[in-house]
Structures are given as structure tokens and as C-alpha cells.
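Letters A, B, C, D, E and F mark the chains as written, and numbering starts fresh at 1 in each.
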Amino acid sequence: MGGRESELVLLDENGIRCDGRKVDEPRRIMIKAGGLKNADGSAYIEFGDNKILVGVFGPRDVHPKHMSNTDTGILRVRYHMEPFSVTERKNPAPSRREIEISKVIKEALEPAVMLDKFPRTAVDVFIEVLQADGGTRCAALSAASVALADAGIPMRDLVAACAAGKVADTVVLDVNNEEDQAGQADMPIGYMPNLEKITLLQLDGVLTPEEYKKCVETGINGCKIVYDLQKKALHDKYFGNGGD
Amino acid sequence: MGGRESELVLLDENGIRCDGRKVDEPRRIMIKAGGLKNADGSAYIEFGDNKILVGVFGPRDVHPKHMSNTDTGILRVRYHMEPFSVTERKNPAPSRREIEISKVIKEALEPAVMLDKFPRTAVDVFIEVLQADGGTRCAALSAASVALADAGIPMRDLVAACAAGKVADTVVLDVNNEEDQAGQADMPIGYMPNLEKITLLQLDGVLTPEEYKKCVETGINGCKIVYDLQKKALHDKYFGNGGD
Amino acid sequence: MGGRESELVLLDENGIRCDGRKVDEPRRIMIKAGGLKNADGSAYIEFGDNKILVGVFGPRDVHPKHMSNTDTGILRVRYHMEPFSVTERKNPAPSRREIEISKVIKEALEPAVMLDKFPRTAVDVFIEVLQADGGTRCAALSAASVALADAGIPMRDLVAACAAGKVADTVVLDVNNEEDQAGQADMPIGYMPNLEKITLLQLDGVLTPEEYKKCVETGINGCKIVYDLQKKALHDKYFGNGGD
Amino acid sequence: MTSVGVLDELKKLQILELLEQGKRVDGRALDEPRELVVETNAIPKANGSARVRLGDSEVICGVKIQPDRPFPDMGDKGIFICTAELLPLSDPSVETGPPGPDVIELARVVDRGIRESHMIDLSQLVIEKDKSVVGVFADNVVVDYDGNLFDACAYAATAAILSSKTPKWELKNDVPTIVEGKESEVPVTTIPVSVTMGKIGRHIIVDPNADEWVCMDARITITTDSDGNICALQKGGSDGFSFDEVIKCGEISVKVGSKIREKLKQAKAGNQ
Amino acid sequence: MTSVGVLDELKKLQILELLEQGKRVDGRALDEPRELVVETNAIPKANGSARVRLGDSEVICGVKIQPDRPFPDMGDKGIFICTAELLPLSDPSVETGPPGPDVIELARVVDRGIRESHMIDLSQLVIEKDKSVVGVFADNVVVDYDGNLFDACAYAATAAILSSKTPKWELKNDVPTIVEGKESEVPVTTIPVSVTMGKIGRHIIVDPNADEWVCMDARITITTDSDGNICALQKGGSDGFSFDEVIKCGEISVKVGSKIREKLKQAKAGNQ
Amino acid sequence: MTSVGVLDELKKLQILELLEQGKRVDGRALDEPRELVVETNAIPKANGSARVRLGDSEVICGVKIQPDRPFPDMGDKGIFICTAELLPLSDPSVETGPPGPDVIELARVVDRGIRESHMIDLSQLVIEKDKSVVGVFADNVVVDYDGNLFDACAYAATAAILSSKTPKWELKNDVPTIVEGKESEVPVTTIPVSVTMGKIGRHIIVDPNADEWVCMDARITITTDSDGNICALQKGGSDGFSFDEVIKCGEISVKVGSKIREKLKQAKAGNQ
């Protein structure tokens, strides 16, 4: 959001963005359900140049016991970046940013997970960002939903996530890293398409009330694109697609 | 105690100090009992430019249980400085100095509190230094006594505190920040006037045996001044003073 | 192992090393059993300029309980360097190196200690390096064995330790600090002479397979020299030697 | 502050019942924040400060302004950092020690609300490009807790910044040195106001107090600037919002925010 | 991973019985490592990377290359640091938080194996003597656990280094600046290969899997270089080795190591 | 070391009974410290060191002297830092890990006793004003515990400083460089001696051992300098002192301190 000067043409006269996309076009997305051997469920996502691996364990016992809840299961989420995932090698200690994103993703998943079905236990979601390229939290949330489903955790809906934003005074879908650096606003959205509920919503950057509405609409459309790919990934794993 | 050169006249020919006080005169002191809503007891003190807030909780259960004592209650004290309370913004991690002062104040309060009246439980005293100006530990201890009384904790006496010191080869009451930087000795004293017991005593700086005795006497006189203000603060809260 | 250039003559034409020793000669070694009052067992070793103190407590209860093992006792080892033990004053926080050496020494002692004789309890070995001079882990391990015996812990054998290494293309016993800096390989060995078992073995530096074999042989010979001094130290304490 | 026990369940039922009748436990309208009291210069030795009560939630913010090295690649900008801490005397449930995720989120949301509004013109806080810049540190401490610390801290930080005076520095032999007599206000471009709304059942309420806070299904904090634009937002809590609710919350935040902004301006004016 | 329960005791009996017949649970010969699959450039934005499967143990190593200040008294050498971390998704028993002694030992043994072989010619990684050097940071993360992480991490780090490209820097006003178009391979002098052997009873087995790992009495990790020399060794575990066993393990490590080395060379070649 | 169990209660009764007759458990007079044994140069590679036994409490102090950057606004003074640590082998109750309040207080009181006496003339430890100064670090480690570590550590630190030799440095290209052959003693202006007294009932005893320590109602540590002035004091423990007791303790500290000071001088002389 730094509003830094840049020679980069963010949007050309034909409405084409710096990476060749149209305003309502997401980056290349590839989602795979499963993949890890020891985790109870897992997923891998490539979202633009983001590469994120998610493993799920549970429902399982909680230690120490007093952290558990007799009425409901609990969801625990850790969002973690590898030292080599970003341009400057990252310090391995968890940053405040990672702790906040872990919480935001947890609260975005909770409305989808039927926690009351497994009281006293915990479901752990471990998100590992192998390569980061802007929009990691949306990519991570989308993959985490698939990993939870892959683990057989009962869910009301999948949470699909995609960001909208404002670039060159225009509302666009799925802000990439360059656009985020030079751009005007970034609004990550997590959405349950069947239940029509927004479960993750953040905004950094200045929007008029009209742009604000447009951004939410645009983001929800992006979530629906992601949703289809999530369902396909689960279908491919469980009903096969004639290859891996 | 750095003994640094200074143009500051610490004591003029009329026995007047750099801030206009006489040698046996404390800085302006204002004590208020109560003020916080959630704390079981609280107090606020302004002592010169020191501004300190104290909240007390308890007697209450101790977690983990094995930290409690079946024979007696325990007193826990945390002395903590806000980042903005000192000239250079303070790092939020507790310093070794804060840990030591917490212990010294705890041991100064223990002789006054009837801990045997509430076995197995703890009384917590939280001291927050909002603005520091030399002599924070005495101001904090004085306010903590009032907050404990305000919380209804049974006490043998109030602990009143004031420092004495040596400035320009003269024993003076209540050394301020400038005098401490340029001065020769600082001796904080905590005292229970009714029981005639010194419960806090420290000294940094060089004193002859005679000056040592004079310092203790002077400090005790200061404590008596503070004691009257402590009693007034409690009286004002519980029996009203037609204002506040 | 830095392979740094040096004017130091590591080995002269008569096969004499930079500190006057022959290739198969260890540095001066002095071992004393006992010495500490509160520890259940203790030992002190001087090995060249290394000075190391070891104290042992146990078998004793384990807190928290779930760390104990109903089938066997557990051995816990802490290797720790004093701030003043090395050239540059050492930061007091435990380094990763100290944690690794603690583990390596623990696993070198475990084959010697009859842990099954005291289930549910722990034996604690505290190693304090007062002055370091290259080869601290071997000196520490040798002293720890004596301290365990001094504490009356039932043992199958003593572990004796000494390093071999390669200096000026020659296999030598007990590499000192200068030789380690300028040298080609260092191989610390811990050995139980009666049971003929190697319980500590590490290597840093390049050896041909023939040199590798020669190093192990040389190191074992050094361990046997240390072993005699260990037995003498225990004998001197328990059967006297007419002096201290 | 997040576990819901039996008593909380009963309280929630009562709160919900009232909400069905369009009422709140403390008699406020659904879109009505609690009374806001702002006292500036509570800490005279700091460069700026404010003591804020929002209902019975009370926060003190002190601003320290001091020279600092710029962040890499940001040599043409001063530094702004805003923190928040729950003092243990603010509530019996607060524990000492490193901050948990709740407090880390609180601090980061308060920081972003001010940062993303571009309230402080950081380009004016450069002593020498790439070498030395001015850092503005706004530290919030919570001294009494009664819910909605997001707004209480944001108002305290904003009021403290508005009340701040910054010295002027120049480099002498590479050491930043104060130029006497050149104190000035912190360069401010807009006044951000955060408005936090809770969702309980199908109801949206502004500025939830502690009882309401523990019963909320979800919450949303929206910061608007002086132009009525939306410049930061954070959804929290274990439920979601519909599209319509999100748009409605945006509208409420603009409306309520403009009233709060007047209060903050008055506090500054009263201070001068 | 070290406590041995009742089930583990039964498993150990079975493994021992098989070993008496010269067999292993997964059908391998005693001196046979598991299949090794190496994929380089798994993390294209890093300077080098590899994703390695050794049986069902899986490790990703990313290499970052960046300017750094030299260590004191080492102004004529670049910096090499290799780390290892068990991600919590790699095994249900892994806990988050600071690494324990097992993981610290793992990281240090993997680092020393590469360092002591002098694989990277650090004297070529100097930007300006005593002022600025190049740092090569190889960070391993374990994503699936099936025993013997010593070798899995060592192979991942070695393959990642072999695949790495380093920019060229020069000092401009004391600031290291990239010289465009001068990217080159990391200067490599030898290919170290670590071989880890477990001792169960009187049997020595190569590359123990997770079931074997938990039953081992002791282990030894030996790293050899391209010339067949032994350049690093670490004994672990709660038992000892005889002299003859130590010599035999040295021989196995040379033999098995040379086959693994060919695999790593192929992975690099396939990458070009 | 502060909890008082049933056995401690019995011990306290016995100690009190004896004190009523003017006697102590180990036969000492009330104002008599235990035997002090000082061995200097115990750690020859350090710049100075001492191994001190006070009764059965034993402490080793090593002094490291090295160049350092001065503290801000203290560019005309060297640095002195004194620490204290209880090694876990000193007593079965000592736990490893970060120091608790008891040990932090111990270290700070020992440090202040030496610092406030101005024992070391820090103005002589400047390499170049505002740029580089000499740091004197005196680290105490307790190897056997039998009460009264305040005095045992203070004596060890004082003896170690008296035995220290400091190199001479000068700046070459801004790097502090040792000038060969210019080693000298640390500039010492006075010899501080701390005397710790315990209060049990109405009795004041000097140098309490471990049994007495656990029974004390309160304690006071007073440091005096070579001129018989009082230069540092710390009261501790959960009871208070009367005015008369405080004055009496001051007198005892001067009297006992002068005898200890002779011991410390002898230790230094014996060392030369």
C-alpha cells in the first residue's frame, strides 16, 4: 500500500494488467487433494507463484487437557512461512504477522467445520508456505478447506478464498505481488458459496463506498472460481481422473 | 550516582534546592484511592512528576495449585513501566531492574498484610508506572498500600515510602531526578509508622556513618508526611470530602 | 578445520608436536573424585588447560511426573560453559553447540549406567566448563563417569574419553586447541575399556579409510590412559593416598 | 475472553431476547456507540498522549517521537508503529507474559487502521533520506476492560497523535541532533475512525460492551477517513457475514465514524 | 520418537527375528538404502532447491544466497549455514515451538557433513575481503517422516546446492549491489554423501525406516566425499559400537555413498 | 530456598532457642562471619579470577576484559558489569533455565556494591572518548551452596578484580588493537566489602549459613568502603527492621567489613 512511484503499467488501454490478465481474471490456480502420507488429510495449492502445503491431524486428544472443551471440538491453525519462501530469507521465529493470519484463517474456517460433532478433541491445521507471491492467506485458506475435507472432517461447506483490490483506480480480481506493492487497496475474501457467507474479510487501502461494494462482489466471484477447483481436486482424488 | 559534572546549582546559599524546595520538603504529592472499575482495589499517585496506577486483585485462587500455600496467603507484585513512561521509549520486555523492584516492593508490603487470614489464595498487586521521574519505587509502594486497603485486604498498618539522600554534601528529603543524576546518594525507605518498622531500605551512594543515620531519620520523617496523605485518600473515598 | 595458513610448526622432523608432545602422548591430565559438598557425587578434571567440574544428583524424583519412565531410570546431562571459560566472553544462553554436546555425552554415558536399577527416577549430570582449551567434550565425559561412580550410581564400566586426529598428515593422539584450528581432522572417542565398546564417536575433517582406522585405534589407546587415571582418582578418594 | 460458560449462555439468551425487541442491555440503540471521553496530554513528558474512556473501557496512549534508521527501501519515509497491551489491572482474566493472538491482532488492527488511512504524512518525517528518519511510536495500554478495545485503542492513538508535538532534528556528524525552538505538530492528513460492530444472531450492534462481546457470533471493524472513504477492515469471530450485512456495516461505519471524528477534533481543539 | 512402548517392543522382536534370518521388514538387504527420488528447482524463486523422497521420508530444501558480513577472523571466506526443521504436518508427534535436542543435533550433523567435506569453495564467495561476503543458507524442512532424516536432509541440501545459481555482487558505496548477467553456479569441489546405519542387536542396517528407527540400539552417520574419504561422523543412541563395527560402518558408507552420489549427479544433470 | 516446611519450623525453633542463649548452631558468635578462603588466579586464561569459600558456600568468579562501545552519554567511562549465577550442581533445589527474582536480585546487589563504592576508576578505562572503552565483566558462578551468597559472590568478584590484569588497547582504523607489553592492573580506588546480616526474632546474626538463611525473618546487606563509609545497602525478606536495628547493622558492617578487607588484601598480595 506504499503508493510508491513505479514505471510499471498496471493497467493498459485495453484493460490488460501487468501480468497479461483481464480485470476479472485470477492467476493460474492448481489444487491437489492429498499427497502427504502421515497427515490425516492434506492439500497442495499453486496460486500464481504461491506454493502452499497443508496438513490436517484430528480429531485427536488435546494436551494439556484443560485446553479442551467438553461441549465442542476446537480448531487450531498454524500459518507458517519457510525461511526460503520469501525474497529475504525469513527468520524462523513466528512473526506477529504469522500469528495474526493464523487466527484470521482459523476464524474463517470455524463457520464451515462441524466442531460440535467431536467434543473434547482438536483438529489441527498446519499451513506451510513454501513460496510466497502475494495473496498467501487466500491461497492457504482455500487449500486448508480441501485438506480438512480430505481428512474426513464433517463440514457444512468449503471455504473458497480470493482477493479483490483496486489497481490504477479500477477494481480488479486477485491482486498479485507487484499490484499489491504499487496498488491502492487489497481485500482478501473467504466465502462459503453454498451458505452465501463471508467468513474472511480484510481490507488495506482506501476505497469509496461504491468501490467497497464492487470489491466485495468481485471477490465473491473469484471465490466461486476457486470453489469449482476445490471440488474438482476432491473429486479427482476420490473418484479418479485417469491419472495423477 | 554517576558523579557527572553539572552547571546545576543543587543547593543554593539559602538552603534552597534546584526545584525550589527546602532540604526537608518533599515534592508535590497527590494520592487517590480507587478509580479502576474491574480491579478489586486501586489507587493513583502523583509524586512530583511520577504518575503511577496500582490495581489489586484478590484474595483469589492460585494457578497452578502447587504455587499456593496451605498455611498462608501469598502476595504477588509486578512493577511495570509503560513504554512511554521514560525519556527513551522502553522495550516492553520486563527488565532485570523491574524484576528486582517487584521483589523489593513485595517484601516491603508483606510485613503489613495479614496473609495468614487467607490461606491457599493470592493477592496480586499490579503497579503501572505511567510517567517516571525518579523515586518511582517509593511512590509505587505508597500507592500499593492504599490500593491494598481499598481492596479490603486486612492490614496491620499502611506502608508509607519516601527517599532521603545526599546532595551537595547535605542530607535532603525526596531526591528528584536531577538530584539523583548529579547527586551523591539515594536511600529509598518504606516505613510502617504505627509499628515503627522499616520494611524497604536500599542505598546507592557513599555516606559516612553519621550521614547514614541522618538519612534514615530524614527518610522516616518523609514517610510520615506520605502516611497522612494515604490516610486522607482513603478517608476521602470512604467518608467523602464533598467532591470528586 | 578451517585449513588456515599458519607459521606454526605442527610436527617437527623428530616427530615432536607444537607443545612438545610425541604423536601418541596426551596432554597433562589430573582427575579428582569428589570435592563438592551438596552434590551426591562430583569430579574435577584438568586435561591440558581444560578445567571442568561435574556434579551428579540422583537417583531422584522426576518433575513433572510424566517425564519419568516406569520401566527404567533416565539420565539427564547438561554441558554448560561459564562466561569466562573462553577467549571471547560467552553469552549465558545455552548455545546449540552446548545442547548437542549434552546429548552426545548423555548417549555416551547411557551404555555404562545401569538405568534399569532405578525405575521412575532420574540421575542428573551437570557439567561445568570453567576453562576451555580444545577437547572439552572428552574431558567432560571422562569426569562425568567418575562423578557418577562417586555418586554410587551402579555402572557396568567407566567411560574414558580422548580424541585422536590428523595433524600435518599424521595421526596423533589428543589434538590440542592450536592443532584443532590448524589441523586436518579431530575425532573424539568415548570408550568402555572392559566392555570394549565405543560409546562416543564423532569426526570433523577428512580421513582416508586407512587413516580412519588408525585414528580409532589411536583414540582407544588414549582412552585406556585416561581410564587408569579415572580408576586412580576413585581409589585415592575411597582408599586414600596419604594426602589430597 | 472467548470461552462461553453456562452463565454466558444465559446472558446471551437475555441479550438476544432484548435484541429481538430492538433493545440492548444498557439501553443503547443498535447503532449507538457508548459515551466517549477524551483527555489529551495525560502524560506530559511524552510527545503526545491521551486517556480515553469508551463506556467503561479505558485506554492510555503515549506517543514517543525519536530519530530512527529507516526501513530498507523506505529511506524516504518516517516510521510509524502503534502497539496495544492489556495491563493485568484492566481485568482479572488478563495474564502477564508475552501477548497472545487476541492482543497481537488487536495491536495490528489498530496500527493498520491508522497506517492505511495515511493519517500521518510520513514523507515529512525524514531527517536525511536513506540515513535517518523520525519514528512515531504510539503505545496503547488498557487500564480498564469493558469490551471493544479495537475502537478504544484506535481513538486513544488518534487523539494522542493529534495532540503530539515533534522536535526537529538535523544530522551533525551523522548523529541526529535536536534543533531547539522548532517544535511542530505531527503532519496529519486525515482523521481515521474505526467502528467495531458485533453480530449476535441476525443483529448488528455498534460498539459491543464486555457482556455483548462474549456473546457475539462475529465482529467487523471498519476504519473510515475524513473523506468518508473506507480504508481498513477486519472481520473476526467464529461466524460469517452475508453480502448485505457487509455492505450495511460499511454504511454504519461511515455514519457513526463521522460523529466520533467530531469528538476527536474537539478533544484536540480543547487541548490547544 | 525415542520412547519405546509395548507395541514397539513387539515390533522390535519381529524386526530382530527377521534380521536373524538376514531379512528386513520391507524386504531390503541389510546394506540397501530405500529408493531415492530427487526433484530439483521445486522452489523456483529460491536460488536453488530440491524436493527429496527417501522411501516415505520427504524433505524440501531451499537455498537462499545473499550478501552478509563475514565472521570475525574469517574475512576471506563466504558463509555457509544449513538448518533442518520438522514441520508439524510431517508426523502427528511433532510439536511446534523451539527445536528440541533431536532436531538441533539433526541440523548440526547435516551442516557438518557438508561443511567438513569442503563441498562449497567458500574462498570464492568473497565480495570484498573482511567487509562483505556471500552467504549460502540451505534450509531443510521435513514434510513427511519415515525415519532417517539425517540422510534425507543431507541429500536434499546437497541436491539443492548443486542446483543453485548465485548472483554476482560488488560493493558500491559500501553496499553490495548485484552485477546483472553474471549469475553462475555455486563453486563446488566435491559431493558429500551421508550414510546412516542403525544397530539392532548385533546387526547393522543401512537407512533405517521409522519402524526400524524406533527399535535401534545405536546409530552412526558417516559422510564420505567424491574421493572416497571419510569427512564427518556422528554416533548416536544409547548403546555403543565395537571397533570392528565402526570400521565396517566406514566401509559400508564408502560403498553405499558412491551409488547415492551418482543419483545426485543425475538429478543435477537432469536439471540442466 | 524460601518455603518453610515442618522440618524447617523445628530447625527454626532450635536456632531461636540457641540464640536466646546467645549461641548459634555452628558455635559462632552472633557477629562472626564464617571462615573465608580466597584463591586467586583459579582460571588462568581469564584476565582475573578467584575461587572463594565462605564456610561451605563456594563461588568462582572470572573476569574478562575486552573493548566495547560506551553507553550513550557515558563516552568518558569504561563499562563494569557483574553477574551471578547459581550452577545446578551447587544445590539439589537449583533449576536450570532463566534466573528467577532471587538470583536477579543477588546479581544486582553484588554489582551495585562494587559499582557504588567506585572501586574501579572507570574514567581510566577509555580507549577513545565516545568511541571505544574497556569493559570489565566479572561473572560469578556458585558451585556449592551454604547460605549467604551475597557476601560470597561479592568477595569473589572483589578478589577477582584485584587479581586482574588488563591489556592496553588503541584504535587502529577504528578497530581496538592490543598494544603488546603494556598490561597493567585494573585501576582500583577502594576495596568494597559487603556484610550480610539476618534477623531471626529480635536477634541480628552476621553471615547466616543455609540453615539460618531459611529461618530468617529479614536480612540486610551493607557494603562499606576502605574509608569506613557505607556505600550500598539492600534490605530483603518478609519482615522489617526498627530504626535502632538499622543503625546497629551499619556499625556491624563497618567493623566486620574491615577484617574481611584485610583478608582480601592478603589474597591479592599472596598472588603477586
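As a convention for this text, a residue touches a chain if its C-beta (ideal position, glycine included) is under 8 Å from a C-beta of that chain, and two chains touch if they have at least 3 such contacts.
The model shown is predicted, which means the values in this text are computed figures rather than measured ones.
The chains touching chain B as well as chain C are F.
Taking each chain's centre as the mean of its C-alpha atoms, the one that lies farthest from the centre of chain D is C.
Within the list C-F, C-E or B-F, A-E finds its counterpart interface, over half of the contact pairs alike by residue number, in C-F.
Ranking every chain by how far its Cα centroid lies from the centroid of chain F, the top place goes to A.
For chain pairs C-F and C-E, the one joined by more C-beta pairs in contact is C-E.
Bringing chain D onto chain F by least-squares fit of CA atoms involves turning it by 120°, to the nearest 5. Centres computed as Cα averages put chain B at a distance of 32 Å from chain D. Inter-chain centre distance (chain A to chain D, centres taken as mean C-alpha positions): 27 Å.
Between chain A and chain F the centroid-to-centroid distance comes to 58 Å (mean Cα coordinates, whole Å). Taken together, the touching pairs link the chains into one ring where each has two partners.
Traced around the ring of touching chains, beginning at chain B and stepping first to chain D, the chains run B, D, A, E, C, F. Those residues of chain F that touch chain C in the complex are listed here as 42-46, 49, 56, 58, 60, 62-64, 66, 83, 85, 87-92, 96, 137, 139, 141, 143-146. Only residues 36-39, 42, 49, 51, 53-55, 57, 60, 78, 80, 82-85, 87-89, 92, 124, 126, 128, 130-131, 133 of chain A touch chain E when the two sit together in their complex. Those residues of chain D whose C-beta lies close enough to touch chain A in the complex are 3, 74, 77, 101-102, 104-105, 107-108, 112, 115-118, 218, 220, 225, 228-243, 246-247, 250-251, 254. Residues 1-3, 69, 96-97, 99-100, 102-104, 107, 110-111, 187, 192, 195-209, 212-213, 216-217, 220 of chain A touch chain D in their complex.
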